[in-house]
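Note that subunit A is present in both complexes that follow, paired respectively with subunit B and with subunit C.
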Partner chain A sequence: MSELSVSAEPIVSARGLTKSFGRKQILHGLDFDIPAGRIYGLVGHNGAGKTTTLNAMLGLTSYQGTIRVLGEDPFAHRAKLMENVAFISDVASLPRFLRVRELFALLTNIHPNFSQDKARQFLEGTDIRPEMKIRTLSKGMIAQLHLAVVMAIDAKLLVLDEPTLGLDITYRKRFYRRLLEDYMTEERTLIITTHQVDEIEFMLSDIMFIRDGEMILHMQMETVSEKFTQLVVDSAEAQAQARDHGPVYEETRFGQTVLIFDGVEREKLEPLGRISTPTISDLFVALMQRPTANPETAR
Partner chain B sequence: MKAFFALIHREFIEHRGAFLIAPLVLVGVVFTLTLLAFSVDRLDTRFSGQLMTVVPTWVFEAGFAGLSGAWLAYLGFVLFFYCADGFAADKRNNAMLFWKSMPVSDFKVLLSKLTAALTILPGAVFAVALISILLMFGVAYVTAMIAGLGNASLFGAIAGIYGQMALVLLVVLVCGLLWYLPYMALVGAMGSVVGRWAIPLSLLLPTVVSALEWVTLGGLHPFATRTWAYLDYRSQLPVSTNHLDRVFEGQEPFNATLFVTDFLQKFDWLQVGIGAVFALAVLYIASEYRRRAPAN
Partner chain C sequence: MDDFHASQPIFVQIRQRLIEMILRQQVAEGEALPSVRQIAGDLSVNPLTVTRAFEALVDIGVVEKRRGLGMFVTSGARAQLLAHEREKFLKEDWPRIAAQIKALDLDLRDLIDTDTKREGQTK
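Up next is the complex of A and B:
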């Protein structure tokens, strides 16, 4: 991902982004900038505020604070913004009453940056035919079609909220591979949320963790590997020594102890056991742990 | 405008079942039954053919008017359900998320739905109505021919009646749509907010408003208020019957130009204007609700 450029003007900029539903505050004043040409993973528990954050970016919900996407206030100017932003919030959201060719014909007239030829190209090699009604397609085929639609839109920002939910592993792999190979360029920015973080880790340039409406991690993947270290120790003595370095997380797996450290030099940990960079899912578990899954209801 | 027309086209694709396919099927079934009835002598071509010796043009005029009335009733019915249900149809299967990813405002989407309800959807029913009446005229003329009465003059008279009555139907249809525009917009706006609940609510709302006036300002009973009187006036198409009365009394033959001129002159255009402003206002309020409502 290092070849991806970073322009000075961020694609998305949020300051004090807050959202409440009734008395319940969902987002607690998020501040972040997303530069152009990056692939962001937005990760969090169910109900952490990922979709609300994306909805605020896409102008689908009102909010307090400031958010600018491509320099526009998304809630005030959603229609204009959508000329340069594409998103999939639910792969099952394509209108079922249309045939594939009707969908393409409508989009050609509705969206100024949609290319019917590109969409047809993306569908080559699939079982989807122009005469097919969308309601007759399988869930995997609908996902392929939806991906073809958004990839055929010449957008600067693509937002994918759980795009592969309910799809089998084959479709998921194919989905991400096509996205990376056929769509991503230096000018485009991709923001993606999924619970299957291991499947997208290879393509991410940056990661954001949201917990209970607060941003608890926002950094480039290179920095993650520099900052966080995973240590696996076998003996109780090594474990005790490792604990002296203040791990952020510790768990026992098959008789071994796994510890994750934040900002501890690898040279200090190396003699104690096997060190590696934690995967995103390991880091997620380490940083997102909390007393209960739903602390609000537990109070 | 290209996007707006595409949105109207989308409405046609989504609702062509009720506005085009079902009417065509109905026409096909009735036409087949008619042919079947003649073929097995349930209907006698001699009788239907001879009928035209008694009242040659009246049969066609009355037949056209009767069938037009039936089609207008059908159109009113499906338009009501379209407004109540179609304005909320984007919520089905989470499709709202897809449409919100398009660069069109919520107001434009709702306006396209209302425009479809005024143009292409009733236009489809109008086209099917003309086809059905053409078939009816065709059957009538063929029976006249079998009865030995078919001639060029009758054919010319039938064609003239068809043209004149089609013009009348078109004018009545267009004026009717403009007259009921605020009702369509109100039901559509309510449909955008509460979905199919707009069907009972749209029937309940006038009663509630009238009762509110009765409670606050007084009156003999909840249906003897200015609100009710106004709604009563606004719910009936103001058709001028001067020419029609003279036709029915046999004082003059039916003349489409006279009827249309009289109809348009006496039409309450001020109320049409007020209704259009009201329609745009409620549509704007509904679009703001749609803009703010969760899409998923």
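Up next is the complex of A and C:
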């Protein structure tokens, strides 16, 4: 069936994706496939290589190795690819001298899959009016306009690089709510990077952790909750017993010890204290400190 | 419902919330439940997670999908869920509660009396 063949084909596929700036290697050969209909969270420290990876997907940078987006080489066929790919980046800016209405007219001319009606519809309920100049909009309004623009593009892949940077919590919530209610479908794929990962963790179907240009975790969220367990213990005795199960991370906070385990059965840990699934940010902190297989890049 | 890190998977928590909506008749039989998109947006959870919760209810026949319209509570759903939830309570919750009552040396009759008294006071 056609539906099956579409979903079987990954939206993004990378093999040995490597990128160097001068002598410095930024990406050390990433391999991954991103299937359709999923919401991916890409997590890493500043400078870990997140934006470089996204830029390679978007055809904004050259690279070594292979990357295919919707079956195409993004660097060679960028214009064609952009018909089906949309993105928001914290550094991308809208032309400030235009009016909102002029921006929509411009996009209608240059983008075959942009719907002006949809964009206007998305702006209903906001304070943005078609006659307003982009220059006069607040940061939150710019973000709303940006979102309206990308949501009005009938794209298969939407890349959001720190889409809510600098926005207050109300705007951030509204932003993601819009995305889930009015945009996400089974045919669309979302890739999001954000430093406020706890805000979106339950939106995600998959996560990727990048550390120093290497993929250290690529997993479905469901698997994360099966594989990783957080245990909070109150006594030194329980702590010692817990240590026997080989935690990947241990931290003492406010008189309690928090341990994170990888692949240890919950039944074994349950008697020792309170168990839960670690938050993405706790897991990130835990795994970022694990010794790396490539000591040259670990600093 | 708001502690998604608790040991219960999110889709189970959402399924339970949907069951409660039907049991409390917040959504009557034959009526539409909130859409996948709406729930996903409200809770900031992945739509696939919400779909999974609905599918579990479709499987036991208390919810039906009407193409292009959404998810609807089937007729007889409430009676079926009541039976299901009662059985679950007796099988899973009651033994634990009963053990705790015993461990705390409480008298079941006293508990029922205090409960009815308290109810009488609030009414």
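General observations
FYI, the second predicted complex is superposed on the first by the 281 of 299 C-alpha atoms of A that agree within 3 Å, B and C clash if a C-alpha of one lies under 4 Å from a C-alpha of the other, contacts with A are read in each partner's own complex, and residues count from 1 in each chain.
Criterion: contacts are C-beta pairs under 8 Å (C-beta built on N, C-alpha and C of every residue); 3 or more make two chains touch, one makes a residue touch a chain.
Given the structure is predicted, the values throughout are model-derived calculations rather than measurements.
When the two complexes are overlaid on their common chain A, residue A:Y176 makes contact with subunit C while staying clear of subunit B.
Of the two partner chains, subunit C is the only one touched by A:M184; subunit B is not. When both complexes are overlaid on chain A, the residue A:K133 reaches neither subunit B nor subunit C. When the two structures are aligned on the shared chain, A:S205 is found in touch with subunit C, with no touch to subunit B. Look at A:R243: by the touch rule set out above, it reaches neither subunit B nor subunit C.
Within the superposed three-chain model, A:R15 lies out of touch with both subunit B and subunit C [touch as defined at top]. Contacts of A:S62 after superposition: subunit B is touched, whereas subunit C is not reached.
Of the two partners subunit B and subunit C, more residues of subunit A are touched by B.
On subunit A, the surface touched by subunit B in one complex and the surface touched by subunit C in the other have no residue in common. Listed in rising order, the residues of subunit B touching subunit A in the complex are 2-3, 5-7, 9-10, 13-14, 92-105, 108, 291-292, 294-296. Across the complex, subunit C meets subunit A through its residues 4-7, 9-10, 37-38, 40-49. Within the complex, the subunit A residues that touch subunit B are 51, 55, 58, 60-62, 78-83, 85-90, 92-98, 102, 106-107, 109-112, 150. Of all residues in subunit A, only 37-39, 173, 176-178, 180-182, 184, 199-200, 202-205, 221-222, 225, 266, 275-279 touch subunit C in the complex they form.
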